[in-house]
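You will see chain A twice below: alongside chain B first, and alongside chain C after that.
This part shows the complex of A and B:
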């Protein structure tokens, strides 16, 4: 048995790297979150005051809600768009592989590039979207997409949905591929329409794919930072000020390392709670 | 014409109609879906188109096709964004991260796949925590640690930081893969008095090539596109990665389209070429989790 345990020596390099640059930093983040550390000089112990400030002010509670709301929008939309394209492409083998790769292409690109391109698409004067609307005779629909606090968050979300539709579509296509041929065949013989086959035969069998897709996109979306950072910097008027934006702003805009650390810990706890609840709910439903 | 013949002829034509209707519906469905896929690609087409337009063209006809393939924007971007240098930097960092992640990840996965006990479960839990943690949660202390160790602005520092970020993924990839390797293969080697390392190196390692390829592609995509780490950990102009070069070049000009679009294309093109070449592998890896 001793020889078996010596096998754990193999984990040493990985644990060393993860310990030094992941576990240790997380502990340090927590330590710093109890201080007013400002990057240089003495860090004074302030106890739980940073946390009291976060949960005592509407501003930060609002950012937490905004982050969760943004995630709900993006994840729901990605599930629907991914399912839609996957269901269609599952029925159209001729164009399936090409379309799957084409839809996935934006997910291969950097948030920086996607952010800049969409910033220009959204720009109020000569931006692609407003010009296209004007050319189509829909000038009345023109908007200041990123400048209007009422719609800025949805514009950012739309970009993220565009970027990752190919990702959820690919997951669902893999799920469709796992459904036995006979099931669709049986439905067709019974005279079920395409929608009925999707709704009553395929959708119930896609449970595991939906679980995977929702969990991956939720974690990914909760972590969103780059897109709003490039597109709006949290503006206008705080409309897209997600928790992550505030963390980086406190950190490298104002050098409030202590407070930024407290925000980071709150963020981490939220991610873990959401992941845990989702895992529980979705797995239970799958088994039911 | 007898009655029965008429009936047959009638049913034949109605069958044809049915076929035509079905064909028509199929062509229609293909057209609609291809059209929608095309709409999804419009921002990319727009990006490439804009990169070839002069500023006058952009002002006068913001959505039109470029009159000529104007390469001037690219010339200017190449001349002043430090592109070639940044590509070399990104490639160097990417390759180093892949080496660390593949080596340390495959090694760590071996005991985790073979021993089921509390130690394995704890290690797997730390890895899962690593997967879920947003990287801006650890960036503050990493910045402080690097500053104190003199690792700011060094390749070694950023490679290790990236490796810590991507190792959990590598460990999960390899653990599920090694768990599927029949234990009998190892037992034969053990009978020949091979020690743990020899078994790992001569029996397990040679079987890992396919999963290593997929993993490397994933690490490459993430490292190439990542923005926060290099933005905060590298400041030396000569050490910038591609995405930081794009960010600085575009950000410094107050969003000038003749700079933005060529920089966007240049920043994306290396990975898009990789995607075109390794499309199957990347798609298979992306959906690996969905097929259980």
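This part shows the complex of A and C:
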């Protein structure tokens, strides 16, 4: 029996670190979310008032939906493009390493750099994309990419997808590397086309990679604020105002520490719920 | 009708050539075994036939059709991999059906063929299991079943039994041989196992460094090898080689002296007579030492292995590449090391040119 207890003893350092740097701040944030603390002065207890406000107003519910929608778009696109490039590169061993590095470069760049570059590309008059369209004779397709509420969210999402495709591609390439070569060769001998091999042999065997990739990109995208903040600041007309943008705005714009904390807690709960459901669903699919 | 023919088949990886102009004819319904030391190009040659490796040069026909650059699926071949290469996410039935399904075969037809193959291979009880819930032998059977259902003209096996334990290997060996009889299909089988090669093959192809050293029926390769390499490679325990010199040539008989055997002189009858003084190698299989032989000599034995039915006596001397092995039979076998008188008949020795390694017939 002594041996059993001593086993738990070894987890104490890890538990301490988690408690100190993870649980403790969350508890502090939760405490603060029950106050109207404004950065200075006294923090007055206001009970659940902050939460009542969040769930009582359309504005915040809309932001939650927008955040979820943005995440759905970005994560689906990242999964599909990552799989596409990984499947391509898997079949082209000669350029694989070079292309993987090239694809991964955007993910290594600072959000600030990416944000400013794409702000230029998207800018309505002399922006790179509109100029290119004009030069190609496709002037009719010119858009006010970041200024039109109907498409701003998708423009921001596109930049995020561009930035992180290399990341998902790298995960999937690692997954492909784990599939024995003979499996594909057996498929070829049986007459499976490249697409059939992907669909019936490789895709099912990539299950664990898909789980990892979807989980990581979902959590990352739910929390993201950098690109919308730099590109649109949540505008136009709130079209890209994600939950995270509002948190930043409340915190550093209006110094509503208490309310921002409540929003953060809501966000944390959303991330946890989504991650939990995803993990369950994806793991079950892997088993099947 | 599905005979296989290779004409001057060459495989290059960039600048390195690993298969050097192989000419090979495998008749319809033959069981052909590729043997050779590791790295000699057995797998490469098999994969070239499968179409998994591009043939750099030369021609390849299956059943008269030129398939040199044909798509793997269009060659009428099926392959059983050493690692089985089963689809881990599919059940046994799905594994065996996959090729037919994507080929657009009708459902009832697929079921009929898969059930028939399962019956032959005694897989009926495992059809709904995934590969990871099967033993090695069962997996191997599934891999063979997957090949059977497609009714290929040529079956290709790459060391299919090397992952199995000795007992199962014997069992599967017999089963594959039975299967060959039953299906009557052409089979090409890669192995480095002597016994598999000798027992299963209609035709053995001995490869070395990407070249065919000799091809023929097993007995022919065993009794009448073309060169030192084949003589040493086929047969277990291996053939003994003694360096010698042709002392004199008289009346169509070369008299060879063997320093390793106490300088005995062995008269060898060959038609292509070597010159007196030429260095030769004399090959003698362990079982060709017989007490009643005409040539008598002595060997210093250091180890005797008793396998029950036979014993093997080993004699090593300085400068020997391999010890001399003597097979001992009968009731009165010497049990311990020491000097042993041995004898053999000159008619059972083979003569080789020391320089080229070619047989002197």
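Basically, the second predicted complex is superposed on the first by the 265 of 288 C-alpha atoms of A that agree within 3 Å, B and C clash if a C-alpha of one lies under 4 Å from a C-alpha of the other, contacts with A are read in each partner's own complex, and residues count from 1 in each chain.
Going forward, contacts are C-beta pairs under 8 Å (C-beta built on N, C-alpha and C of every residue); 3 or more make two chains touch, one makes a residue touch a chain.
Small disclaimer: the values here were computed from a predicted structure and weren't measured.
Participant: Applying the document's definition of touch, where does A:209 land relative to chain B and chain C: first, second, both, or neither?
Facilitator: It touches chain B, and chain C stays clear.
Participant: Have a look at where A:192 lands relative to chain B and chain C in the superposition and call it first, second, both or neither.
Facilitator: Once the two structures are laid over each other on A, A:192 reaches chain C alone.
Participant: If we overlay the two complexes on their shared chain A, which of chain B and chain C does A:183 touch? Say first, second, both or neither.
Facilitator: It touches chain C, and chain B stays clear.
Participant: So in the superposed three-chain picture, is A:167 touching just chain B, just chain C, both, or none of them (first/second/both/neither)?
Facilitator: A:167 sits against chain B, while chain C stays out of touch.
Participant: Could you figure out whether chain B or chain C reaches more residues of chain A?
Facilitator: B
Participant: Which partner does A:140 reach: the first (chain B), the second (chain C), both, or neither?
Facilitator: neither
Participant: Scan A:106 for contacts with chain B and chain C and give back first, second, both or neither.
Facilitator: In the superposed model, A:106 contacts chain B only, not chain C.
Participant: For the complex, which residues does chain A have touching chain B?
Facilitator: Result: residues 3-11, 13-15, 17-18, 20-26, 28-29, 32, 39, 85, 88-89, 91-92, 94-95, 99-106, 108-113, 116-121, 123, 126-128, 131-132, 135, 162, 165-167, 170-175, 177-178, 208-209, 212-213, 216, 219, 222-223, 225-226, 244, 247-248, 251-252, 257, 260-261, 264-265, 267-268, 271-272, 275 of chain A touch chain B.
Participant: Using the touch rule from the top, collect the residues of chain A that touch chain C in their complex.
Facilitator: 180, 182-183, 185-193, 196, 200-201, 204-205, 207
Participant: Can you name the residues of chain C that touch chain A in the complex?
Facilitator: Chain C residues touching chain A: 50-52, 72-74, 77-79, 81, 83, 85, 87-89, 98-99, 102-103, 146, 150.
Participant: Which of the residues in chain B come into contact with chain A in the complex?
Facilitator: Touch list, chain B to chain A: 29-30, 33-34, 36-37, 40-41, 43-44, 46-47, 50, 58-59, 62-63, 100, 103-105, 107-108, 110-112, 114-115, 119, 123, 126-127, 129-142, 144-145, 160-161, 163-165, 167-168, 171, 196, 200, 221, 224-228, 232, 243, 246-247, 250, 255, 257, 260-261, 263-264, 267-268, 271-272, 275, 279, 282-283, 286-287, 289-292.
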